[in-house]
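Would you mind keeping the following structure in view while I ask a few things?
By letter and in written order, the chains are A, B and C; residue numbering begins at 1 in each of them.
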C-alpha cells in the first residue's frame, strides 16, 4: 500500500513539475512587463520605476534560470523554508498567498458544501422520480445554469438579490399582486414537484398557494423580516420532528432502540438551548467548535450504549437531531442579533468586498457581516455547481438502482426506504464524493471571475494581476495551490479506491 | 404512503409551532425607527474656493464622527512610503495625500496652488535662482515633533539616484523622484530647528513648484538609523553614502512591510489632516483624523479607501458600499449613474491626459519622408466626429484639441494655437486628401495604425478613422496588439505608420522637451527639427513665462508644418459621489477625485 | 455481456424499443440508422437541433459571410449617429451601439465568430483527443505514459488559466477567432483522450481486433478502422459538450480581456463590453447574453440526446419500473455537460474533472478494470460497464473515474 501511494505521489510530483515549467515559460513570453510604464507621463520617475521593475522581476536573467531559482525556493517548502519569490512590487508572494488562499478557500469551501448538499438532494429526488415533470424541469434549469456566463449572472444577482433586497428591507412590504404571483408560482412549482394525478396536483397547488398567500402577509405583520424570531418552541418541535423522521426512515418508528435516544437528543438540545443561551450570546470560535464536537460525540456515546443492534442507526439519528438542533440554536442567535446588525449596517447585503471595512461588532454581528458579504458570491458559485452535482447524483443513483444487489435487496422484501437510503444512496455517494473533492480544486480556478466581480482579493486577483503584469511568481503560487489540491484529492481518491477495491492494488 | 402522512403531520406541527411561538409582531413595541441620521450642525458649509480652482474656504470646521468610503480603483495600497518605485502610483498617492502635506497642490484645472496651511514659498531671485520657504509656525508631525528645516533636508537629500550604495548598483535612497539633489546641489539652507530655508537652483527651473521639500519625518528616520537629527541632516547635506547607509535601508524598507501591514505607531507619523488607521489587505485602507493637525479640521473622522474593480463601482455606490468613486469613464457607467437620479452627484471634466495620432519618421513607415502624405492623412482624420461620438457623450464640454504643447484650460492656449494653427484641419477634407494622394500617384495607400490593446475606445477611434480615410484613398489597418510598444514590438522596431496614444501631463512646464527634441527618449517616431530643438532648450533655461509662450508658438507652428502628428482630444474624467456627500469636486490632475477629501462632509 | 441476468432484460427492452423504431422495415436497421432514429425521438434534442440550425442559418445569411452579402440591409460596420439613444426600432431590430452601428448585425457577426470558435474547439479538441487517446490506449507502454502525463498537466492547471495565459501571449501577434478556436482546442483535448484511451484499452483485447491483427492489418488501420469507430459514441457526445463549453470559455476569456478583440467581434466580447448596460441600454446586454444562452443550451440538449441515442439503455420513455427492474442504467448515464462550460462560466475546468484515474499509473488500473469491463459487441456505449456484483452492496470503483471522464 505504501509503495502504491509513493508511486502515485512520485508521478504527481513529476506532473506538477512539468506543469510548472510550462506555466512559467508561457507566462514569461505572454507579454511585456514594462508595457504599462512605457506609455505614461513623460516623467523622470518612470525611468526609476522601470529599473526597479526590471530588478524585481530579474528580467536580465534568462527565464529558465529564473524558473530554477523559483523552483529552488518552492522546493524548500518541503522543509518549511518556503520562498515563492517576490512580485512586481517587490513584496513576498508567500505573504500575499496566505490571505488570498484563506479568503478564496472560505468562499469555495462554503459553496462546495452548500452545492453538494442541495445538488445531492435534488439529484436523488430526480433520480427516484426519473422522467417526471419535475425531472424535466430540473434538467432544464440545470442546463440553463450551466449556460450562464457567471459575470453576467453576477450583475443580475447584485441588482436583484443585493440592491433591491436592501431597498426592500428598509421597509419590508408585499403588495397584493406580489403575494398573488408568488403564491401562484410556488403553487405551480409544488404541483410539478409532487406530481401524481390531476386531483392530487390540484390539491397540492391549492395548499401550496394558500400557504404562501397566508404566510407572506402574516410574516410581514409579525415584522419577521426586520425582527426575525423563532424561539424555543420551534426548535423543540423541529428537533422532535427530526428525531421521529430519522427513526422512521432508518429503521421504522417502532424501533425503540433508535427512537428513544433520538428523542433524548432532542430534549438535550433544548436543555443546551436554554442553559447555553448566555454563553452563546457572546461566544468565540472555540466554543462553537466544542459545540460541534459535542454534537457528534454525545449522540455517538448514547447511541453506542443504548442502540443495541441498531446502534449505527441510533448514532446516525441522534447526530441528525443534535446537528439540526445546534444549527437552529445558532440561527436563533443570529435572528436575535439581526435587528442590531441592521442598525449598524442598514444595507445588509453588500455588493463588494469580503467584509465591511472597520466593522466593529459583537461576535454574532461580525458573523452576520461576514455572512452577508459572503452571500452573493457564494450563491453564484453554489448555483453553478448545484447544477452539475444534481446531474451527477441523478446519474449515479439511476446507475446504482439498476444494480443486481438492489434487485436482490428488493426481492428480499426490504422496505423501499431501506433500499433507497441504505443500499442505493450509499453506493451512489462514492463517485459523487470524489467528484465533489475534485471540484474543489477546479472551483478555485473558476473563482477568478467571481472574485473579480465581487471585489474580493483572493487567489483570482493573485492570478489576474500576475498575468496582467507578466509577473510569473504570483501565477506560480496559484498553480502550486490548485495543483497541490488537485494532487492531494486525487491521491486520497486513489487510496480510498485501492482500499475498497482489492482489484486496484499493486 | 405512511411516510407521507407522518411527514405531513410533522410539517403541520412545525407550521403551527411557528405561528404559536411567534404570535406577536417582533421588535420594539412602538415603531421608533425614525432612522434618518441627524445631519449634524457642524461641517458642510460649502464656501468660496481659493482662486476659483483651489480648495474650499471652509472656515471653522468640526469633524463629524462619520466615515466616508471611496474608491479610486482596485489597486492595492502600496505602503506608508509611497515614494519608492514599487509603491509609487496614483492609487497610493491618493492615500498618501491624506497624511503628507506639501507646499503646493493641484487645483481643479491642474494648476499648481500654494498650500498655505503648511507654509509659503516664494521666488526671491531669478539669477541665481533662489526660492525661500517658510513653514507654518504651528506645523507639527502627529507625534508632536515640530516640522522644521531638518525635514526639508530629509526630503531633498533622498532625491538622488546617483548616490549609490556600497554595491554600486542600487541607490541609497530608492526614491522614485531622483534628481532634486542634482538640480539644487546645496539643498535647503537654514537653521535645522528653524522654520525657514532657502533653496538655490543650479539652473533656472520653471517647474520649481513641483519639487518636493516635505516628505518624510527626519526625526523618525534619524532614530531608526541611530543618529541625531543633526548628524542625519549633515550626512544628507554632504550626501555621505557611508553614514547614510542605515538611514537608507530604513527609508527603503522600514515603513513598507508588505500589504496589510501598517508601520508601528512610532513610525506612522503624519503631517496631513489624516493619519493611517488600519489597512486590510486586498480590501481597504482607512485614515482617521490626525488630532495634531494644525489646519482646518477634516470634514469627517474617517476615510476608507476601498480597492474596488471599476466595473463593480456603480452598483456599489448604489448600494451604499461606496460614497465616492472614480470609475472608468464609459457611456454605460455614466448612464447608470444618471439613472440613479438625485441620489448621486456626477462630476465630469477634462483630464490632463490627451489623445493623439503620432506619425513614424523612420523604419518602414510610409510617412517617413513625406510631410504632404502626413498632412493628407491628417485631413481625413475625423477629429470632430471622434469627439462628438466618443467623448461628448461623456463630457458635453469636450472639444477638439488643437495643441500639442498646451491645454484649452491654459491661459496661453488661445495665443499659441492662434499663432501656430490655421484651422486647416478643423473639418475633414476628403477632397484635399484625395488630391494629394492623386498628385503622389498613390491609391489604396496602406496605413498601419497601432495602439496598445485591449482598448475599446481606441479601437472605435481607428474604426472611425478607417471609415473616413478609406474614402480618401487610404487603406487603414488596425495593427494594435497587447505589446505594441513593448521591447521588440512594432513601435520599438519602427514597424508602423501611425501610433495612437496619449500623454498624461503632470503640469510640468518644461516637459515638451522630452517628447519633441531630437533623440529624446519619448520621441518615439524619431522626429527631428532644429528649430524645435533650439526653442525647447531655451524654455528649459529660462524663468520667463512670456519667453516660454513665444518659444512654444514657434514650436507648435513647426510641428503643424511638419505634421508631427495630430492632437485629437483631452481624455474625459468621470467621478461620482452620493448626494449625501458635500464638497466633492472634480480635479483634472492625476490627484483625481480625492484631492480635497479632507474637506468632504456627509449629511447621512 | 457483463451481467448475464440483467442483460437479458436489457436486451429485451432495448430490442423491443429498437424494433419499434425500426417500424415495419423488414430489414434490421444499421447501427447508424438506429442511433439516428433514437435521436429523432429525443424531443428536447430535436427541438434544440432545429433552434441551433435556425441560429446558424440566420447568423450566416443575415449579414453574409466571407464577403458574400446577406439579406440584412444595414452594414453593421458603418457608424452613424444613434437614433433615440440606440434603442431597438423597426429599422434596427436590436438597437445600435455606442458608435451607432447596427446591433443586430454586430450580434450576428459575434454569433458567427463564437460559433466558429466553438466548432473549431470541438473539432480540434476531438481530433486530438481521439487520436492521442487511441494511440495511448493501443500502444500502451511509454507512448501511453508520455501522452497521459501531458494530459495530466491539464488536470493540474485549470484550463481557464492556461487558456488565458496563452491567449494573452498570442494577443501580441494575432487576433482572430480562427486562431483562438484552434488554440483552445489544442489545450482541451486531455479529457477526451483519457476517455478514448480507457475505451481503446478494453476494445483492443477483443476478438475482432485480434482477427484484424492476424490478417496483417497495420496498427494504424486497426486504430482508425476498428477502434475509433467503436468509440464514436463517446467521441460525438464529447464533441457536442466541448462545443457548448467553448462558447462559455470564450466568453470568460473576453471578460478577462484575453479573448477576441476589436475590430473582430464575438458574443463574449459584446457581453463583457456591455455587462453594465443592463439598466441603461438593456438591449446591448440581453441580446448577446440570450444568444450565448440559446447556443449553449441547445448544444447541451443535443449532447444529451446523442448520449441517449448511443446508449439506448438510458434513453427514451421507458417506464421507470421496467428500467429499474431491468437494470438498464450504465455508469455513462452521467449526463452532465462538460465541466468546461462551467469553467467558462467561472466555476471550473473540464480537465479537472477527468477523473481520479488520471494520475494513476494508468496501465495497472486499466488492467484491473478491464477484466471487469466487457461490452456487448457492436454496442458502442461509452466505457465503463458494470462489474458483476452480488447482493453485497459493493462499491463500484471504476464508475467514478469513468463517470468523470465522460464529462470532459
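Rule of thumb we're sticking to: a contact is a pair of C-beta atoms (placed from the backbone, for glycine too) under 8 Å apart; a residue touches a chain by one contact, two chains touch by 3 or more.
Each chain and its UniProt protein: A, C = ABC transporter permease; B = ABC transporter family substrate-binding protein.
Worth saying up front: this structure is predicted, and the values here are computed from it rather than measured.
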- Task: Could you tell me the least number of steps, going only between chains that touch, from chain A to chain C?
- Result: 1
- Item | Chain ID, smallest distance between chain and overall C-alpha centroids | A
- Averaging each chain's C-alpha atoms to get its centre, pick out the one most distant from chain C. B
- For chain A and chain C, what's the span in angstrom between their mean Cα positions? 27
- Item | Rounded Å distance, chain A centre to chain B centre (Cα mean) | 42
- How many angstrom lie between the CA centroids of chain B and chain C, rounded to a whole number? 49
- Query: Of all residues in chain A, which are in touch with two or more distinct other chains?
  - Reply: 31, 155, 159
- Of all residues in chain B, the ones touching two or more other chains: 311, 482-483, 486, 489
- Query: Taking each residue of chain C in turn, which ones touch at least two of the other chains?
  - Reply: 168, 171-172, 275-276, 279
- Task: Within their complex, state which residues of chain A touch chain B.
- Result: 31-32, 34-35, 38-45, 47-49, 51-53, 55-56, 88-92, 95-96, 99-100, 103, 155, 158-159, 162-163, 166, 211, 218, 221-224, 226-234, 236-238, 241, 244-245, 248-249, 253, 339, 346-347, 349-355, 357-358, 417, 452-458, 461
- Note on the structure: Listed in rising order, the residues of chain B that touch chain A in the complex are 3, 6-7, 10, 13-15, 17-22, 24-27, 35, 67, 69, 74, 76, 78, 84-88, 161, 170, 174-179, 258-260, 278, 280-284, 286, 302, 304, 306-309, 311-312, 315-316, 318-322, 452, 482-483, 485-487, 489, 501-506, 508, 511, 514-515, 521-522, 590
- Query: Contact residues on chain B for chain C in the complex?
  - Reply: 311, 314, 330-333, 335-336, 338-339, 389-390, 393, 453-454, 456, 459-460, 462-464, 467, 478, 480-483, 486, 489
- Query: In their complex, what parts of chain C are in touch with chain A?
  - Reply: 3, 5-6, 44, 149-150, 152-153, 155-162, 164-166, 168-169, 171-172, 244, 248, 251-252, 255-256, 268, 271-272, 275-276, 278-279, 285, 289, 292-293, 296-297, 300-301, 304, 314, 317, 320, 323-331, 333-337, 339, 341-349, 352-353, 355-356, 358-361, 364-365, 368-369, 371-372, 386, 388-397, 399-400, 403-404
- Task: Within their complex, state which residues of chain A touch chain C.
- Result: 7-8, 11-12, 14-16, 18-19, 22-23, 26-27, 29-31, 130-131, 139-140, 143-144, 146-153, 155-156, 159, 380-381, 384-385, 387-388, 391-392, 395-396, 398-409, 412, 422-423, 426-427, 430-431, 434-435, 438-439, 441-450, 463-464, 467, 475, 478-479, 482-483, 486-487, 490-491, 493-494, 497, 500-501, 503-506
